Each structure stands twice: as C-alpha cells, then as structure tokens.
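Structure record follows, encoded as structure tokens.
Chains: A, B, C and D, in written order; residue numbering restarts at 1 for each.
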Amino acid sequence: MILVLSPDASLEQIDHVIERVRELGFQPHVSRGESRTIVGAIGDETKPFAQNFAAIPGVEQVLPIMKPFKLASREFRKDDSVVYVGKVRIGGGSLAMIAGPCAVENYEVMDTVAKYVKAGGANILRGGAFKPRTSPYAFQGMGEDGLKILKDVGQKYDMPVVTEVMDPRQVDLVCRYADMLQLGARNMQNFDLLKECGRTQTPVLLKRGMSATVKDLLMSAEYILAEGNKNVVLCERGVRSFEDSTRNMLDMSAVPNVKGQSHLPIIVDPSHATGRPDLIPSMCRASVAAGADGVHVEVHNCPEKALSDGPQALPPHQFLALMGDLRRLGDALGRHFWAPTEA
Amino acid sequence: MILVLSPDASLEQIDHVIERVRELGFQPHVSRGESRTIVGAIGDETKPFAQNFAAIPGVEQVLPIMKPFKLASREFRKDDSVVYVGKVRIGGGSLAMIAGPCAVENYEVMDTVAKYVKAGGANILRGGAFKPRTSPYAFQGMGEDGLKILKDVGQKYDMPVVTEVMDPRQVDLVCRYADMLQLGARNMQNFDLLKECGRTQTPVLLKRGMSATVKDLLMSAEYILAEGNKNVVLCERGVRSFEDSTRNMLDMSAVPNVKGQSHLPIIVDPSHATGRPDLIPSMCRASVAAGADGVHVEVHNCPEKALSDGPQALPPHQFLALMGDLRRLGDALGRHFWAPTEA
Amino acid sequence: MILVLSPDASLEQIDHVIERVRELGFQPHVSRGESRTIVGAIGDETKPFAQNFAAIPGVEQVLPIMKPFKLASREFRKDDSVVYVGKVRIGGGSLAMIAGPCAVENYEVMDTVAKYVKAGGANILRGGAFKPRTSPYAFQGMGEDGLKILKDVGQKYDMPVVTEVMDPRQVDLVCRYADMLQLGARNMQNFDLLKECGRTQTPVLLKRGMSATVKDLLMSAEYILAEGNKNVVLCERGVRSFEDSTRNMLDMSAVPNVKGQSHLPIIVDPSHATGRPDLIPSMCRASVAAGADGVHVEVHNCPEKALSDGPQALPPHQFLALMGDLRRLGDALGRHFWAPTEA
Amino acid sequence: MILVLSPDASLEQIDHVIERVRELGFQPHVSRGESRTIVGAIGDETKPFAQNFAAIPGVEQVLPIMKPFKLASREFRKDDSVVYVGKVRIGGGSLAMIAGPCAVENYEVMDTVAKYVKAGGANILRGGAFKPRTSPYAFQGMGEDGLKILKDVGQKYDMPVVTEVMDPRQVDLVCRYADMLQLGARNMQNFDLLKECGRTQTPVLLKRGMSATVKDLLMSAEYILAEGNKNVVLCERGVRSFEDSTRNMLDMSAVPNVKGQSHLPIIVDPSHATGRPDLIPSMCRASVAAGADGVHVEVHNCPEKALSDGPQALPPHQFLALMGDLRRLGDALGRHFWAPTEA
C-alpha cells in the first residue's frame, strides 16, 4: 500500500503516519520527494484495518498494490478451474449452453422448451421458480412447484438444471431440486445469501451486478469460495449505462479481463445484457470468440405469452439456427459444447 | 400503453396485435399514419402481462404511459407523508439529522460519538451491527451485541436508533432493538428482504441502489408499502458513475424528482455519496436547500481508528460546525430540526 | 409523436394542445382514456419545432415514434453501403484491418511499423499527425510533416492511409495527404467539423463519442451525409463507464445494433476501447464474430518508447499472431480481409 | 509516479525499468517487498513521456502521484480567482446569475426576455447565435445577426453578454460582440478551439463535457490558461448517466470538489443538467448552498414557441420567484448577486 502524503504535511504528521503504519502491522518505507513524502506500507493489504490509512491526518491518497481477493485469483491457482454441473463440464476448454424459459410457467411449456433446446444441443436447462421482479405486482414465480417441474423435465431430457435462489432461507430447498444455484445480478452483493450458498457444494452461477466492477464480481466470488464451495461460475450479463436502446451494456471485455485475473470459468448472458432477440445471436458468437466458457440464453416457444421477460426470449427456430452457428465457430476455434456422452 | 408497429407490419400482424390487446384485457385504439400504425392499449398497465406486448410479432416499440407504482405515487396520496421514528418526525417540513459511527464497535466509542452528535443537535442515532462489506475479510459487524449497545446508548441520550438489516432472517431480531430499519443500497432489490420489512410496522430507511433509477427506488418502496408498512423514508446516497474522484455520484436532483412523483419523505446521505469528508458539509447544505427532509452523516471520534469506513467519517468538531451551518440555513428556509421536546 | 397529457389537464389545455399540433403542421389524433388524454401528432417528427410539444402546458410527456435520422437509416437504404478507401473495400462482407502507430513520430518508426502490419495483412495504415491530448503538455503531433511521412510510407507499402483531423481549418490540408479522415471520439459532436468533412468526398471514419448513444452516433453520421459525402464508416471505440480496470467499456452490441438501424459499415477499435494489450486480441476476434466490417488496432515496434499511447499498442509479433487468428475465424464465417490484388 | 512491478518480473526486467526511469529524467527509488518490487519515479510527472512507464515489460501498474494540471491548481494559486465579465464580478464571494433564452431568435423575444431577467436581478445575459444541435435538421442559430441582437439588447439593459462559440474560425467574430465566450459541453475537448479562446483575453465559460471527470475539466481549463487567458469560469451542467428521468445527472459535489483542487470560479447550469423546469429552482438553491459562484438558467417568455430547448426554459414569473428565493438564501449565507452599481 502506498500512502501519498499531502504537500503540507507537517513533520509531526509524517511521524504519526509512520507510527500508525507500524502499529497496524505493516513495515514503513519512506521516500521523500521534492514536493511530498510517500510512505510504502509493506504487508498484507487485506487486513481489516488497511483502509483506515486514508483517515490519518496528512495522508492525501492511499494507493493499494495488492488485489483484494485471494482464493479467486490467478495467483492462487494458475490453472483454469473446471466446474461440473451434473455431468456437464464448464471451463477447461469445453462450452456450456444454458437455455430455457425465463420462468417455469407450467409443465407443458417447460417440456416443450426443453425438447427444443435439447435438440439444439443445449447442455444445461434453466427456468426460474423464484423470480426477482422490479414490480411487486408482476409474476413472482411458482416456488417449489416450479422447482419440481424443472427437475422432472431436466431428468426427462437428461439435462442438469439451474435455477435462481433469492433468499438465504430457500437455499436448502433449492439445493434439493437444482444442480446449480443461480445468484442473480440484484443479489451479487447479498452477502448473507453468498455465504449460505458457499456452505453448500452445489455449483453456483454468480451473475455480475448491474453496477459491479470486475473486481467487485471477484470479491463476491471470494465470499463463496471462502466458505468452502469451490464450484463457482461467473456470468457477465451487462451493466447499467446511458445507452437506452439496449436493456444493459454487455461488457464483452470482462471475459478476457476475468480470465487474466482469475481461474474461475465465465459465461455470458446476452439475453439480459441486451434484452433484444435481434442482438442475441451475434452476441453469443462474439462471446465464444472472446473466450467465454459458455453462454446463457432464454428461449420460449411463444414469447408473446411468456409470464416473464417474453420480449427477450428467442423462439425455438432461432435458437436452433444459433446453435448451428456456434458449433461452426467452435470448430474453427477448437472448442465444442460438452455432450452428456462425454461424461 | 402505446404499441408502435413496424413500418412493414402485415395486415395479419396488425389484426393479431389488436386481438391480443383485447385478450389481455385492454381496449385497443388504432391510429394509422402514413408510414406506420399505432395502437393505444387502454387499461391497467401494471397488469402482469402488459410487458409482453413487446413480444408480439409486428410490434416495434412499447411506450408505457402510466407510472408502474401506485401506493408510493403522488396521485395515490396528494399530501406529504410523515413518518415517526420514536418521537422524531420525518417529513412534513421538519428536518432529521441521522448521525453516528458507520459500525457499532464497542460501548465506549458509541457512547462518545452519541454524546457529540446529541450535543450538535442530531435527532436520530445510527450504527451498524450487521455490515455489508465488499470483502469477506473485512469486519462484518458485532451482530446482536452491537444492537444492544446501540439501543442502550440511544436510550441514554434519548435518541431513537436506526441500524441496517441485511437478511430476512434478522428482521425480527433487529426490530427488537431498533426504531428504524435501514435497507442498504446493495439490498434495494433484495425483494424477500423488502417484503419481510414490509410485514412489520417499524419505519424503514430505504437507500437507493448504486445503479437504481428514481423509478426503481419507488418500485422498491412499493414492495414495502404493498405489504402494509406505510413508514418508508427514502435515501439518496449516490450512484455509480465514471467520476473517479468521489466514491459515488450524488444525484441531488433526485430530491425534487422524488417529491414530484411521490408523497414519501426523502433524505440524503453525503457520507456514502461522496466518501470524502471535505465534501460532506457543503453537500449537507445543498441537500437542505434542495428540499430534503433530512441528512445522514457518519461521525467518528477518531476516524483513523474506526473499524469501518473511517476515511469518510466526520470528526466531532466538524459535525458541530456543520450543524450550526444547517440551522442557520434552515432558519432562512423556514425549516428546523425536530427536537425531542416537540414530541 | 405521442403527447401524453397530465391527468389534471383542463379542457382548455387539451384544446390548446390540439390547436398547437395543427399549427405546427401535424395532424392530431385524440384518445381519451379513463385517467388521461393522449394526442397522437401525425407528421414529420424531424421538423425543427417538434421538440416543443413538451413545453405546451398540460403535456406531461412526449414520446417520439420516428427515428431522427434519415439518410443514415436502413429504411432509406436497404442494402449495406460499401465504402472504398483507396482500393480497399469496407463493408459488404469483406474485412478491413486498420493498423499503425498512434502517432506519426518519424519516418523510421512509421516505416518499421508499416512493414510489419503489411506483412501481417493489414490493408489500411493509420498514424496521427494532429493529436487530441487531454494535457496541453503532451506531444501534440507532427502536423503536416507527419502527414507527408504517412503518405510516403503508405505509398511505399501500397496501403491507403487514415489520419485524424481535429479542426475545420485543417480539412483541406489533411485531404491532400490522406485517403480517409478520422473524426475522433472527442469531436463526434463537433458539428462544424462534421459539416466540413461532409463537403469533401474523402471517406470518413467517424468514432463514437465517449458518452454518445448509438442514436447520437447515427445523428452525427447524418450531418456528414446531409452535406453530400456518402462515404462514412462508423467506429465503436468504447464508452465511459464506472468500470475502472479498462480505459473505456467496449459496447460490442453496438455492432449489430447499428447494422439493424443503418446501412453504414461499422468497425471496432479495441485499442482505445480497452487500453490494454492483453484484451485486444480477444476483442478483435469477438468483433469479427459479432459482424463488424473490420477492426482498428494500434501497433508499435517499441511501445515503451512510443510518443503517444504506448501502453495500449500491440508489439509486431502479437499483431502477426492476431492476424492469423482472425483469418482462421474469418474463414469459418465466410469473410476475409480485402487484399490489394482484388482491386 | 509509482511503478508496481509484476510478481514475476525478472531481475533483468527490474534493471531495465530502473534504467528507463533514469533515461526519462526521473530518479528511481526502489522498494523490494515480499511478493513484488515497487519503483518510485521521482520527477515531473507532466513530462510528455511519463505515461510510457506502463509499457515497459515487467511493469504491472503505474500510479500517478501528482495532479496533471498546474496553472489551474490550488497549489499554483492559493486564493480564489475572480473573473470580470464586463463590470460583473464572478468568484470571490459574489454571485452571478446568467439568464436568457437558449437561442437568439429575433430582437423582440430577446428584448422581452432581457427585460424580465434584468427585473429579476440577473447580471449577465445569455443567448446562442451558433447552436450545437444533435440533428442537422434542427435550428442552427442566427449567426452574426444573432450576435448583433444580443449585443444591442445587452447594452440596452446594461448587461454583459455571453454566447457560445463552436468553431475556431468564429472566435474573432464572436469576441467582437460578446463579453464572455461559452465553450459548450460537446466542445470541452475540442482542443484547437480551447487554444484559440486561450489566445484572447475574453472571459471563457467552460462547460463540463457529458462524460468528463472533474480532472478532465480542469485539464481543459489548463489548455486555455496555458495560452495566456486567465479568465476562465467553469460550469457544471450535468453528465450522462443511466437515470432516464432527467436529461443529465447534475454532479453537485463537483462544486466543492473543484474548489478544493482549483482557484477557478465555478457556476452550475441546472437547465441543461436536468432538462426539467420543475427541478430547476431547487437545484439553483442547492447550487448556491453548495458554494457555487453563480447559476445559469434558460428563460423564455413563451417556452412552447422557443426555437431551441423550449421545454427546459423557465417562464418569466417562475424566474422572478426563483430570484427572490436565491436572494433570501444568499442573505443567510452572506453572499449576494453582483449589481452593476457596485462596479
């Protein structure tokens, strides 16, 4: 940590800074420049009190040197992590396609959509039973009944299933039905929920918050890892911006950015990132080309009758065409969608 | 709701749109322009399926007309709401000053800070016992022990207390000690937590999320109101932006913006919005001049030794000076800080 | 244009709105709902006064229906535009690679970098002679001497050249040396400069402003097109965001977003978008997969000695590897880099 | 400047870094920590090549210590600068009210509006003759005819006038008519225009760009100051954000933020920042309370017939009421609007 002192810091202040640096367990290293003094504080920057250097009188700026996450970092683990969701492998070069309707609506819709996405080559089935909705008057999901339908349909088509968990009190329940827990963008910093999911061994799909930096995302992953669950897959799903023609702004560079700093797999969700079916296929292709370990797409057999987020769902024929494109692209890049026969 | 059809929508598509509008319980009203047809869908836009109009083939754009919130709206209630926290009145012209340390650290610090803020004229005491921290390695709060200290010190100085609740499982516990529940920025769309707080009658201080629009904030308030708790106070605390010299960007215009659309009181938190003690006093003055119902300021007797967010805390002497300024300003504007003797 | 009247608009106000709509040359179309009246104003929304509807008393909201650009729109021209820069074709399925140093520094560096990028397969050479720099104390470019070097080196390697123009007074001069004019992000809404470039027939590379929406970008293209220059190529180069680990946020979805609304070619500049050489190759691949008509990359033979933006330049060997990747990817997608022999 | 080397930097790389630091004219100061080496580069960070440290192999991060602006900085000049526009003083405790229509439309409107704003107590008259408009089809301003009208009306009411200059070729012309040159948000980084204005002695009102940080704004001021014109007044006018209910987001904390770093006066423009007349009065009050040296407000006698930005103009009676409020507030704060009699 580098402490930049203000140009008019007094000698007493400088001495006090050095003393505090020692008290907090760091080793001070002082450089006196022409206009100001700089104090390097050598030690573990993740210590609880390290941030407080900024409050010492005479300190103008504190520049952290170390990354604030450990277990999620590339330094901690050089090789890419691989996460298994049921028999499906995410990371390590193979591609995941997570597809399904936004919400579980009833058995028939779930079954129809699953049949289509399975035919297209999706390897993980999604469907929300607990839905975070901006409005209290919107459909809030089927709850446990939805979980049952999702699990049944997943078994019928031999696909592991992922579904969102929103409340720490639901974690046990959702784990009984789901092969992977989704933590939504709005809950990326719901720390009690992160800890609760970290206490299971069920894989977690952690979505980036709408105003989270890549570092924030990795810090939230650190919460899960620190509790003992190593099965974390990150998901870029767009962030809030001033651009008003798309639902969010897809930060495609987060894919290589995460891969440089962390060993965790990362997939991309163009459905929520763009909110526009006309943009989803090209953003899926770009995600694979950027090096993502998979994509996440919402599919509905009749978007105009969907109970949630219909306008952003792909209809089945577009999904099938997209999968053809992605396979060709994967072939060129030496990567392919994991198939259950490989398990 | 206005449905703008695409210029090349076919007659069949137009008929289908009109049919779907009727099926969903709206009354269609068709205008044919030179280049495109527009369909007004007259009815209750907060109906769960209204969003789906955008997924009907031939529909290019859906323009909502109504506000998506009801109970929080100025149309629902013309007069300003007033919320009582203990004996302190928020809204309706009087000013609240919520002050205290970021976290409850121990009895001595809490007592010292409370003594100072009381002397300055603060009317509500704050202190966090459950702390949402970006890092799992940072101080996470004292939990119930902290709640006890906060309550004791509040009683000693005759100040109602507000403290954050992060987990739906903690709501009952926190209600036993606190006069007001704080819902932090990271939990503004933690819908299960909103509902749980909505089932109590304890006043709620609902902070704006870091990427929430004013409409999103009011929708979250709607969740609490819809469960039956009318005691909601909103809090502007800055949003994420590209400006990197302040912690967040304080959206001061949110104050009159909320007041135009809603009857709920709103206060401002310049401590989190700016993260810089040198900016806090002028932003408190501006908040009062903008029409806020109060301000929220973190104070610590020794910021460099604080266990949480020390660098953004005001030391006691600056807090005292600030209160003098705010009182003079309030006098000029015909508004004053609520004092316990008025109860 | 849809005028949503406020719920408490008086009958007089409604009559006045209708009268004004007629006066401004629009045809009014009135729908009375239960809670409010809506007036459709049918006519040409790009008329100068159309925005003023919002200032008529009783009008709460104005919802535009039409796109504000014409010549740039897909409706105006269904087929993709193709722009020739020298003999190099941009758009219509072929790929452009614009490469070179940030600034023209001297003949030797320009020659060395050109040799490498030519060898890699770049088809357009770049180099800045007039440099927009945040600091007045930074290197401001070589001016006309730089233009001469750029042109000479371009001719030596049979590559057309693109360079930035910053001032309307420089347009004639730059046109004498350059095959394509670059309009930088900071000048995207420098309207006098846009008009001046529109009065030439030299192709223009129009970069998206740091806070410009896709619509704003197309409006700026409209300025050039309206003056008579049809040779406009758009460039996504990232926008400002809260993410602080990259220089800007690359809005990859702008590529299909532009292509849906406009016939103009669009390329991507990952160098400025990310500012990080470690992210550039994967973002180039993603751009091609997303459907961009080309990419723009800064290359320098010794980044640590570059006079401008060295830290974001690719060294030659990384550029060569990147071109190999992009060719393989292009083959899979049925697209290839335009070669001079095709002219 | 602090160079943080990567944990796996080799000894050769470290030596090369130190050598380059010396070559570029800085003094190296090396600290070897457990996991990485840090090199302080002591010297003038505004040197043209200082940024290049980031491109040296083995350097992971470069942390600047010094501010990149000099003449604009508080270190350069401790006391607040005062700028005279005609006889009106901006800065040093007195308040400026710049008011008038968005565009000069004709003599009658200009005269009417000037009469009202003068009566209210405005001390500087505004009106645009060259208008930057997003659309090429919108009213582009009256040009020199507009300048003449503005000057005549200003003289009639004894008010200095401010008007926008958009093109370096117009600077001489505009200086013949105007007492102050406005540089609009879209031109904040139009560096040739900044330089041209810097070569005059006419005061400049420099508006913050829509995606400019406070530091960027001060760097643009530095361009003007470095050319010899010391008469720079800054203007906060809102930045782009995700909030879609206001035109921009007014960054109120920029006022004290600028005042801490710079001696230049700063005013606030709530008209462009919010785009909503219902928010303008409270944002003017907040600006004065925050410590701004003045405000800038658009006024029109008939907003619905304005040729530009009518919907955001205040009608005269609201302007008069606002001035009453601001005077009362100023009295409480010990500040008042500069009146011509004081000259």
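In this text, a residue touches a chain if its C-beta (ideal position, glycine included) is under 8 Å from a C-beta of that chain, and two chains touch if they have at least 3 such contacts.
None of these values were measured; they are calculated from a predicted model.
Colleague: Is the number of contacting C-beta pairs greater for A-D or for B-D?
Modeller: Of A-D and B-D, more C-beta pairs in contact link B-D.
Colleague: Tell me, please, which chain's centre (mean of its C-alpha atoms) is farthest from the centre of subunit C?
Modeller: Farthest chain from subunit C, going by C-alpha centroids: B.
Colleague: Report the inter-centroid distance (CA atoms only) between subunit B and subunit D in whole Å.
Modeller: 31
Colleague: What whole-number Å value describes the gap between the mean CA coordinates of subunit A and subunit B?
Modeller: Inter-chain centre distance comes to 26 Å.
Colleague: When the C-alpha atoms of subunit A and subunit D are each averaged to a single point, how far apart are the two points in Å?
Modeller: Taking the average C-alpha coordinate of subunit A and of subunit D, the gap between them is 39 Å.
Colleague: Using the touch definition from the top, which residues of subunit B touch two or more other chains?
Modeller: 211, 239-242, 244
Colleague: May I ask you to sort the chain touch graph into line, ring, star, complete or other?
Modeller: Shape = complete; every chain linked to every other.
Colleague: Per the contact definition, I'd like the list of subunit B residues that touch subunit A in the complex.
Modeller: 20, 46-49, 51-57, 68-69, 132-139, 166-169, 186-187, 189-193, 209-211, 216, 219, 222-223, 226, 239-240, 303-307, 309-311, 313
Colleague: Which residues of subunit A touch subunit C in the complex?
Modeller: 211, 213-215, 239, 241-246, 249-257, 260, 270, 273-274, 278-279, 282-283, 285-291, 328-329, 331-333
Colleague: Touching residues of subunit D toward subunit A in the complex: what are they?
Modeller: Where subunit D meets subunit A, its residues are 2, 4, 7, 29, 31, 33-36, 38, 40, 42, 61, 63, 65-66, 75, 240-242, 244.
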